[in-house]
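Both complexes shown next keep subunit A, but they swap its partner, so subunit B is in the first and subunit C is in the second.
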Partner chain A sequence: MAAMLDIDMSTIGPATSTDTVPQWDSVRHMNLIIALEEAFGITVPDDEVATLTSYPIVRAMVEEQLAGG
Partner chain B sequence: MRSDGGTPGLDRLEARFRAASPIFREAIAKSRQIFGEQWATLFDETITRLIPGDAELAAAVDGYSKFALDVVRLQLRFEKERVYLHKSYTEVAKAVYANETYMRTCYLPGLLLSHYLWPHHFRQMRNFEEVFVGEMARKGAEQFYDIGVGTGFYSRLALMGAPRATGVGFDISPSSKEFAEGHVRAFGAGARYRVELRDVVDQPPAPVDWLICVEVLEHLEDPVAFLHALRGLLRAGGTAFIATALNAPNADHIYLYRTAEDVKTQLLAAGFAVEQYFCALAGAPTHPDTPVAEVAAFIVK
Partner chain C sequence: MSDSPESLLVELEQARSELSEVTRIVALLERSSDVQPTMTFGLSGNVTVDLLGTYLRKQALLHGHCAQIRTGDFGDHLGNMKRFAADGTDAVILLNLLDAFMPAFESRIALLGQDVVAAQVDRFRSELALTLSEAHGIKHVFVALVHRLSPPRPGSVADTVDAAVMTFNDAIREEVAGVDNVHLIDAGAISAQLGWSHAHDWRSYYRFRAPFTPAFLDRLAEQVFRLTRGFGSYYYKALVLDGDNTLWGGILGEDLADGIKLGPFGYPDSLYWQVQHDFLSLQRAGILLCLCSKNNSADVDEVLATHPHTVLRDEHFVTKRVNWDDKAANLESIAKELNIGLESIVFVDDSPFECEAIRSQLPMVKTLQVPARLSEYPQLVRQIQELFAVDIVHTEGPTKTEQYRLLALASQERRQHRTQDDYLASLELEVKVQRNDRASATRIAELTQKSNQFNVTTRRYTVSDINSLMDTGNADVYSVHVADKFGDSGLTGVVIVKYESPDVAVVDTFLLSCRVLGRGVELSFWSHVIDAARARNCRVLVAEYLPTAKNGQVSDFWDRLGLVFMKEDSTGRRSYKVDLSTAQITPRPEHVKVVNVS
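Take a look at the complex of A and B:
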């Protein structure tokens, strides 16, 4: 996530979101989605792609997908 | 647009993007910076006339977000693989054109907003108004066809710029027909326009002097056969505006044009004489050899 959004990994936490990362735009966002899909072997549903706007939401989505969900 | 020069429709849209789709929160500010207040005024008028209610605005922002993110995903894939995802018209027609829900909630609102939010779309639209519609107006154009109307954008511009003209749009999608006719009505030109659900290759209408066909060729398996049919719809001495997308892997693009020259070769093969053409890129490439989506618009006789 840090690499895709071009931020320091140590800064990622509950407050990491589109509000706190100014460069989080549509291209970085889609690079992040694709990287998550490849890294975790998941498919992010189309309806959820635009809603993944913070680290907690992204993490919850990945956990849900890994749990079969 | 208000008489004091404010842009309340555009301000509403920007607020909605910030609240509901923050990934695109800078899209309006960026385009405003590139194109200035004239752009803002034109976009504001479109929003005010076509998306007046809050619920419609929310749906349009949601539709645009899905549409644009899908395009970004496909563009990133295309940069690696250099081919389009779909090969067959039947496959795309089923997934997109015959999917009424997708057409109404995502494709058409997304396409509508992209005319202003994507720099190459806006530049192409302005070129159309200046060069093609300008000529229609000067020559007192009376009738035009718009083949593949989409949102009805180019029909509307032709009707507004050439006040003596009546137009007929042709499309295969009932959603596009409804959207385009509503679009034109909202700008007060409904009495001079209608859309027919018709495949003009199988059932060609009588030829006219003015023909518009924007971003249809790349949706087809055999664009040359379609261009031959299009040539038959243009009277001798008539003028056509034919635009296409290059290196643009949208979900419903099948035929990959890599350069404007590819399109020009097909236009010549179909019997058109190319008078001039205009190209605009979606942006600068991230690397020198990375393909960038582009539009190429031809004025042909």
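Take a look at the complex of A and C:
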């Protein structure tokens, strides 16, 4: 996630969101989704793509998908 | 895992197209202190192609370069090319998706009818010709052929989409013919290699207009480097071939000339016969063929002279080393005789022992081993063809190259009679300006939330913010609709003007969606804004530019519009004004028709 958003790994936390990361734009967002799917072997549901706007939400989605896998 | 550049490069190669790994390793390598950018790519597409930049940067690093990427405005090839040329960009990639020429184009092709498709081809052709005419200073321009996004259907042989693909690609071939800095890339072939569903990401296309998968873009970037021989990082000139089990099956010294496997029929005879033809084609294309074989030289001479099925004969080899000496010494002597560097040599041998010996003693030679599974040999041959980056053309009859040269003459003629003004006029651009249209508040708010690049102040508003601005009486919210003869782009621009003191109008917001950029739209409607301010007895119009990470392209917008620069503070914030009673702004471009519906 840090690589895709071009930020330092150590700064990722509950506050990491589209509001606090200026470079988190639509292009990086799609790349992030693709990278998450590759890395975790999951498929992000279509209607959740637009809602993944912060680290806690992304994390919850990944955990849910892995559990439901 | 060590983070030395060498081990990172190995990791990068092994990561293939995996996006997070490639992104991470590329960033690490580019940040290492001794790496300086050596080249710049400009990307221009009628779909979002930003991700291609990551894979070009990957390929650059693998070839000893370091690339910077400039992403052009969506769909504005001509404007992008002008900017790229002005910036000294080294290489430009033009990528068009058939389906994106008009909304849902592939689904509508049959419904639209041939005239509309022909008009679209014509528009595209003019745009491409003008774009290429701006590309003189650019070393390499890559033009991707269009291909279909929907998978081909085996049962549908007279498909209208395929017909349109062919028409567009004929237009591309004709326009690029004779332009010597242009390389064509067959994007459809990449899709076919990967398989349609592995090449395209429909979700990302519908949501973000980004139709290509990382795997597709990785291959595309690879092609860009192949076609330019790694942007000068290598240039193979000679192909040195072993004899036994490389040019024929069997061991000549044991099986004798009439016992070796070589001929049009049977296995493995036909396989060696086939690859000999491929090597002959390389020789015809100007590659220096050499033979390096551990045999008695008289035996090999006999095969080349008298074997009934040998394709390669003595005259095809520029030099031969048939002896019992060490192959490394032979390669060195070939390089010396031909006066080429060892790094210009590709060496092919079936023996793992010989290959390993050359790899360790002469690592600069590109050493390739004939696959143990012989049926994979033709794949290796294709890899060799790509290394030499030559087009294999047939030599009899009028060649494709010749046909394209003739077409090029016609095309150059057309180009001379076409100017950018004619082209722009033919688009029939119409800009519609509406003031305080409450029905559009939702779309206006959405644009203020989403637009990043062409946005001079990047102020974000909610729907209720927009509604109250429209209600106050102290502000005007303009919505800008753009249409051309091919269709309506809808509400794609917003201007918000606030009247803060009785005689000062302040431009609070100005943004345009990327898909209507270029073509002069952004300069076209300001007289309406100024007339409205004058009607309220404003004497001065004030505007500013607030820099962000993404809106660099509008840093000089107010200068272009003809406003007077006032000051710039330490954060890069720039202020402008214009005296409404006297001063003039840049006039509306003539090819844009502006309609005021407020």
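Going forward, the second predicted complex is superposed on the first by the 68 of 69 C-alpha atoms of A that agree within 3 Å, B and C clash if a C-alpha of one lies under 4 Å from a C-alpha of the other, contacts with A are read in each partner's own complex, and residues count from 1 in each chain.
The working rule: a contact is a pair of C-beta atoms (placed from the backbone, for glycine too) under 8 Å apart; a residue touches a chain by one contact, two chains touch by 3 or more.
Here the structure is a predicted model, which is why all the values come from computation and not from measurement.
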item	value
Partner chain in contact with A:M4 - subunit B first, subunit C second, else both or neither	second
Touching partner for A:T53 - first (subunit B), second (subunit C), both, neither	first
Which of subunit B and subunit C A:L66 touches, first, second, both or neither	neither
Partner chain in contact with A:A15 - subunit B first, subunit C second, else both or neither	neither
First, second, both or neither for A:M30, with subunit B first and subunit C second	both
Touching both subunit C and subunit B, counted on subunit A across the two superposed complexes	25-27, 29-31, 33-34, 46, 49-50
Partner subunit C, residues of subunit A touching it in the complex	3-4, 6, 22-23, 25-27, 29-31, 33-35, 38-39, 46, 49-50
Subunit B residues within the subunit A interface of the complex	21-26, 62, 65-66, 68-70, 72-73, 76
Subunit C - residues contacting subunit A, complex	18-20, 23-24, 27, 48, 50-51, 54, 201, 203-204, 207-208, 210, 213-214, 450, 452, 548-550
Contacting residues of subunit A [partner subunit B, same complex]	18-19, 24-27, 29-31, 33-34, 46-47, 49-50, 53
